[in-house]
Amino acid sequence: MISASPLTGCAALLAAWAFIGLAGLLRPSSVRFAGRTLFPLGAVVGLALAGLAGWSLLAGGTEQLVLPLGLPDLPFHLRLDPLSSFFLLLLAASSAGVSVFAGGYFRQGEGTAPGLLCLQYHLFLASMGWVMLADDAYGFMVAWEAMALSSYFLVTTQHRIPEIRRAGFIYLLMAHLGAIAILLSFGVLQGGSWQFTFDAMRAAHLSPAWAAAAFLLALVGFGVKAGLVPLHIWLPEAHPAAPSPVSALMSGVMLKTAVYGLLRVTLDLLGHPAWWWGLVPLILGLFTAFYGVVFAAVQTDMKRLLAYSSIENIGIVFTGLGLSVIFLGAGMQAVAALALLATLYHCLNHAFMKSLLFLGTGSVLHATGERNLGRLGGLIHRMPWVAWLTLVGALAIAGLPPLNGFVSEWLLLQSFLFADRVPHEFVNLLIPMGMALVALCAALAGYVMVKFFGVIFLGQPREATLAHAHDCGPLERLGLAWLALGCLLLGLLPLQVVAALSAVTRQLVGTAVPQAASQWWLLAPVPGRSVSYGPLVFLAATVGIVALTVLAVRLTYHQRVRRAAAWDCGFGLLTPRMQDTAEGFGQPIRNIFQSFFQIERELPAPSDRAPRYRIAIADRFWSAVYEPLGRSVQRMANAVAFLQQGRISVYLLYSFVTLVVLLALALLA
Amino acid sequence: MRPEDWLTQLLEIVAALAAAPLFLGWVNQCRAWLQNRRAPSVWLPYRNIRKLFHKDAVIAQNASRFFRLAPYIVFGTMALAAAIIPSMGTRLPLVVSADAIALVGLFATARVFMSLAAMDIGTAFGTLGARREMMVGFLAEPALLMVIFVASLLSASTALPAITEHLATQTLGLDPALAFTAVAFTLVLLAENARIPVDNPSTHLELTMIHEAMLLEYSARHLALMEWSAALKLFNYACIGFALFIPWGVATGHIGPLGLIVAIPTLALKLLLAGGGLALIETLSAKLRVMRAPEFLASAFLFAVLGLLVHVMLGGRG
Amino acid sequence: MMPRIPLDQQLLDACAAVMLLLSFAMLSQRRVVSLVNLYAIQGGTLAAATLLVAWRTGEGHLYLSAALTIALKVIFLPWLLYRLIRRLEVYWDTEPLLNLSGTMLVGLVIVVFSFGLAQPITAVASTATRSAIGIAVSVVLLAFLMMITRRKAMSQVVGFLSMENGLFFGAMSATYGMPMVVELGVALDVLVAMLVLGVFFFQIREQFDSLDLHHLESLKEGD
Amino acid sequence: MELLFLLGLPVAGAAVFAFAGARREAPEFNVAFSLGTFLAACTLAARVIREGSLLLWREQFFIDPFNVFLVTLTAFVALTTSLFSRPYMRIESAHGRITPGRLKLYHSMYQLFTFTMLLALTTNNMGLLWVAMEGATLSTVLLVTLYRTAGSLEAGWKYFILCGVGIAQALFGTILLYFAAEKILGAQGVTALLWTHLNAVKSQLEPSVLALAFVFLLVGYGTKVGLAPLHNWLPDAHAEGPTPISAVLSGLLLNVALYAVVRCKILVEGSLHSALPSRMLMGFGLLSLLLATLFLWRQRDIKRLFAYSSIEHMGIATFAFGMGGPVANFAALLHMTVHSLTKSSIFFTVGHAAQKAGSQLMDDIRGLITLSPTIGWGLMMGSLAILGMPPFGVFASEFLILTTAMREQPWATPILLAALGIAFAAIFGRVQPMVFGETRLRRLPHAPALLPVFAHLAIVLLLGLYIPPYLADWYRAAARLIGGP
């Protein structure tokens, strides 16, 4: 019954990942075997999968497959349609780079044994792939939780460190709660047909109330995984705790599985969303984006900074998603397609940019053993490869043309500009504010990235030990280069990407964005408006002018350059301590958005022998939501504990009373 | 695209490169007049640049390649920006490849490279300048975007030529939305070009300076390029302002010699007026403390958003 | 003139009344030895009632069960309990958790409730003894109450046993007894239970050297 | 014939061990007897697969889809537990916690307990069912007090009294059932207590009487299921007895008691035609779930922790039976199966962990995987499985239960959500530091038994991904049999 086809191919490749992982158990403690053989192999599988997924995305077909596994009445269904192909592509393409990097990254004696690590890592990949292929609720949930579980074990690789254990615990707890919410949403979706296949859910007819309930449940469930504020608290804990390649996968890919799930439920299974649904993800997304970027700006741990920046990007993605739902509900298919396009594009971009950055931090971590920005600096001299490749990611995520981050933000803003066409006055007013917020977030992202790159790689080394930092190995370079190349190409060939994505938009909102311009290098997707963007020309022009300038300068003027000590207004005794620290760089943001943070300062007194300045910034949601929650549970637990005093007479009394009460009930009934 | 379009394109770039320092000089001269000082020559910026190009470059030992690359990048982006702003004609070949949002992106690129370069040496002033520059930037950039969005909502496009053509062909009348955004834009222009009240281009007082602090380590040709691109930036902002708010006179449609004959003088006139106005503002206002700058820019942002809301509430005419 | 109730019927009702009376007596009795006496008498009454019914209905297995009752509940178990009491020197129970008058009051309420409970059953019962079902229920629940209120392990056990009596009485009066196999099984269980308890008492005794239940209140949640 | 072996072997075993239970190789014999029982159960199951339901020995015994898998499961868990208790008991005596005499008692009672379980499952006679349930209490009460510590004695006493009293209520319920039945089936109570006959005529039974009967039966057997607020004996008995007993109590006794409750529910519902029994089950289920999770929150003793988790899961299953209908019943049956497998495997690992730490306090157990990875991973996996993490089978049942509840009883879903969340936080938050982190545990004199642990987990994993067709058919048939409101 199983014949050769893209779907079976993808399934086979996922299985291959799983087997590579299992192979790790053959020589669990051998770094060479896992690193030099298995991880690169995994990367190759990733490339193959990417090719396959890309091909089926362009083909735009849909095929299904039923596995002889699962519950008796509900075997695992698989389905490969444009949407899943796209996210598979995202997963495979970015994970290829990460896997290669990981091959060079993992060292001996890092908690979990390399072989086991390899197993968990590849199971993580495979389960993510399965999530995107699953076509029934049960299979989806199994894959979903398998993903959470494998990533949990990866996060707790260094399980001897209490903070990391705590992070893992919070992560898995939140993931579990989210999973239950998703499960309940599926319970609504099956619409009493007791068929848990997605086909049945597509066919089921739900009353508006039930449909809304399903949507909101799904939003909560997937929102937890995506890190939507206020469900985000696990993310800044777990992502930094994991080894860098894993952080890269979690931020770059795993968050997107949540987006995939929400898209699947909202636009595919539910089908006809009401326009007001979109407001929820729109508002939440905007808030998330802003919250994330503001917190990223004040972080002092480089991986936490990136984690918060992931929150920001997820916020932007959800904004686009909400926007497209609103447009769709208002019957503006073409614009909805544009917004959806922006969403998907941003997912793809973020997968590459964020993975790249996390891998960069990984190399820095290995070279210096430092995560604290306050102890880094000047690494561009010691590790040029990492520095320049990371720079690409940083510029991309800051949304600068002609790199990829800019394209998706451009598309998003373009779709925002249709706000005044929505036939709902209130929304008309609301959406421009959203546009303003998105602009602000984009600008702040630039701030964050200048801080990130500048403090780590530029300036003078803040610690003497940094002088011994070494550049990363060949495998790591390969991985970084692959991702950087991705950022560049996605930025330069938007038209081709958009063309590939049109199959997805066609599947989800029934239409693809138009391509007004005839030139292959010109992106003009905006329906009914003559707006276009041609990054290739853009780049060519810039490079051209720069080259001309350089040439002109070289030809006309002498090349004499003298090296001297830094001028610094003639101030001689320059020490590295005089540069801005990360705290210093975040200070304006701290002042401007004071109300967001829960700040505790430790200021030195004038008389201090060893003056010390410390500042700790906490997430308000902990103290506002989660700690009270825990306390109330504790209180309830204490309250009920009173019931069990150890007195047998009391216990007998319970039985007696129960008996009497039930008898009375039975008599009355 | 016709060949003469390419010609206009080239003309614009060259004109911008050539006129930018002059414009800067003009502004300084006006300022001097208004402050009863003996005005420096209008050509001073040119001499300055030329002098710098002849000097030997002195670079700090721990400067990386990035430090030397940055000036060229900044200069290149500014030149490209000049190319895509319809200051004389709207039929520009390069314009199709970058709309207003991309233009803002270009400015952002320049800013990021400049700040990173400033951080490269690792001096106190450099990082301080970079930080302040980014702080100004992350508030000014969205404000500028908002300004542009209002215009593009009016003209249903973010392509600058389209905006200009639409506004130019519009019957002259006061649009409250545009009025608001005009105010916002002026504020942004002041902030982005390191003018009073946000920054003072003619001081090296470390506590207050922003833009200059970033250039401290540069010398000779690198500094020249930086100065030049600063001038270009001012010029570009002025041209954006014209394109959005007083687009009349810009040659729309396929441009002929006649069109240019009208366009060039009008542009010159506009520049003269704008320079005077700018100098006036700078003279009348006092330098703000750096910590007040965010409030200043927030108000700019507010004006822009108000313009947007007003536009929407009055039922967009887009 | 009212129809004359047959003699055996009167006797049966008398037995029922005695059972109830005994339960109350046990509820109030604080001397452990006399508790056991009461229990033995209750067993005897139960046996008598069983015999009466057997004689009246001529059901063979009821004779057997009566014999079983006498052997187990009138002779063996009381004997066992006496021995335990002597060996462990537990003659008095301390003040019950609920004082006497209170217990009595609750007991009365329970009796009323039981009659209400028994109504639907007696309504459909066809046995001559159906009127006794309510009594059986109240015997069971009173024994329950006794177990709740007592503080000494020994008297709790007696309560447990008298609950067993109530159950048998109920079975007898509702359905002329259970199938033989069941009755045997139940009897066996009671027997084993008692033996186990015997072992238990000694274990508890050697652990705490007393059978007071307040020793057995350390495993708990509340603190 | 198979039935003879199934019931005969344990009795024989009990008799043998009563004399030879203290010998050095007694544990091996214990395993042998359990193995024999298991084989008998397998042949029986095979026969059921071949011929369908069976009525044996003048209808006194019967095997139908509802109890066949429970019989097999019981025999299997009894076998694995005996495997586990081999090293466990040796280590205990090496640590000097039990004497040879008690070892004798232990082995003999262990077999007897197995017998009562199997009898309760296979008998067709409600009276015998009661007798067997009481027998189960009696045979385990002395095992709970095996260590003769103050705590164990207290636990044993509470176990004895509470279950004794409870079971007495069940007897009264049985009497009422008989009373109602003989009206229809005639006296000479040979057939009147046979479940099959009762089931045949259930619609004619007097509703008012059956309603009362059900209350008594529910309270009676419910006490042994551990439904709140009748559960108070359960944590003490689990925590104080030797771990193999905790394993079989959680893994088998609770299942059998629930089985009895459901058997009664089938009859009563058939006669009542009202949702009363279902409502009562749902109420008990949710109450147990909620209370158990709240108690979980403040546990310090590891065995108490998992005892409460047993209450929680029994609550879930009861709730599912209460909802009724093919899906929920199917899920509940699956849940009974996977819970008993998972929970017993957890107790296996817990037992060894406690031996390593020399204490049952969770604060004393740290960093298992650093010292003995297998036990550590076993505990981790088991806990994750019991917490409903896929791809383990517990997730499969909870998946069906939750989705059903979302459609059928939406009002209950917030409770379920909260309860599952709290349970997860409570259990996983304690298991993680026990498994991970630095360690200060000691080595054991005998190699721990790992086969049972991973055998159970493997089966649970399998059930999450693939349920054998005949098992599925049994579940379906049983689900149909149980029906619903």
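A, B, C and D are the chain letters, set down in written order, and residue numbers restart from 1 in every chain.
Following the convention adopted for this analysis, a contact is a pair of C-beta atoms (placed from the backbone, for glycine too) under 8 Å apart; a residue touches a chain by one contact, two chains touch by 3 or more.
Predicted model only: the values in this text are computed from it and were never measured.
The greatest centre-to-centre distance from chain D, using averaged C-alpha positions, is reached by B. More C-beta pairs in contact connect the chains of C-D than those of the other pair, out of C-D and A-C. If you average the CA atoms of chain C and of chain D, the two centres end up 31 Å from each other. Rounded to a whole number, the gap between the C-alpha centres of chain A and chain C is 70 angstrom. Put simply, the C-alpha centre of chain A and that of chain D have 44 angstrom between them. If you average the Cα atoms of chain B and of chain C, the two centres end up 101 Å apart. The set of chain D residues that touch two or more partner chains comprises 154, 157-158, 161, 165, 212, 295, 298.
Shared interface positions of chain C, defined as residues touching 2 or more other chains, are 117, 120, 144, 147, 156, 216-219, 221.
Of all residues in chain B, none touches two or more other chains. All chain pairs that touch, listed by label, are A-B, A-C, A-D, C-D. Against chain C, the residues of chain D that register as touching in their complex are 125, 127-128, 130-131, 134-135, 138, 141-142, 145, 148-151, 153-158, 160-161, 164-165, 168, 171-172, 174-176, 178-180, 182-183, 187, 189-190, 192-193, 206, 208-209, 212, 235-236, 239-240, 295, 298. Of all the residues in chain A, the ones that touch chain B in their complex are 377-378, 380-381, 395, 398-401, 406, 410, 413-414, 416-417, 419-420, 428-429, 432-433, 435-436, 439-440, 442-444, 446-447, 449-451, 453-455, 458-460, 517, 522, 529-538, 541-543, 545-546, 549-550, 553, 556-558, 560-569, 574, 576, 578-580, 584-585, 587-589, 591-592.
If you check the complex, the residues on chain A that touch chain C are 640-649, 652-653, 655-656, 659-660, 663, 667.
Those residues of chain D lying in contact with chain A across their complex are 154, 157-158, 161-162, 165-166, 169, 211-212, 214-216, 218-219, 223, 229-230, 232-233, 274, 276, 280, 291, 294-295, 297-298, 327, 369, 384, 387-391, 395-396, 399-400, 402-407, 413, 417, 420-422, 424-425, 428-429, 432-433, 436-438, 464-467, 469, 472, 475-476.
Contact residues of chain C toward chain D in the complex are 117, 120-121, 123-126, 137, 140, 144, 147, 153, 156, 160, 163-164, 167, 170-171, 174-176, 178-179, 181-182, 185-186, 188-189, 192-193, 196-197, 199-200, 203-204, 207-208, 215-219, 221.
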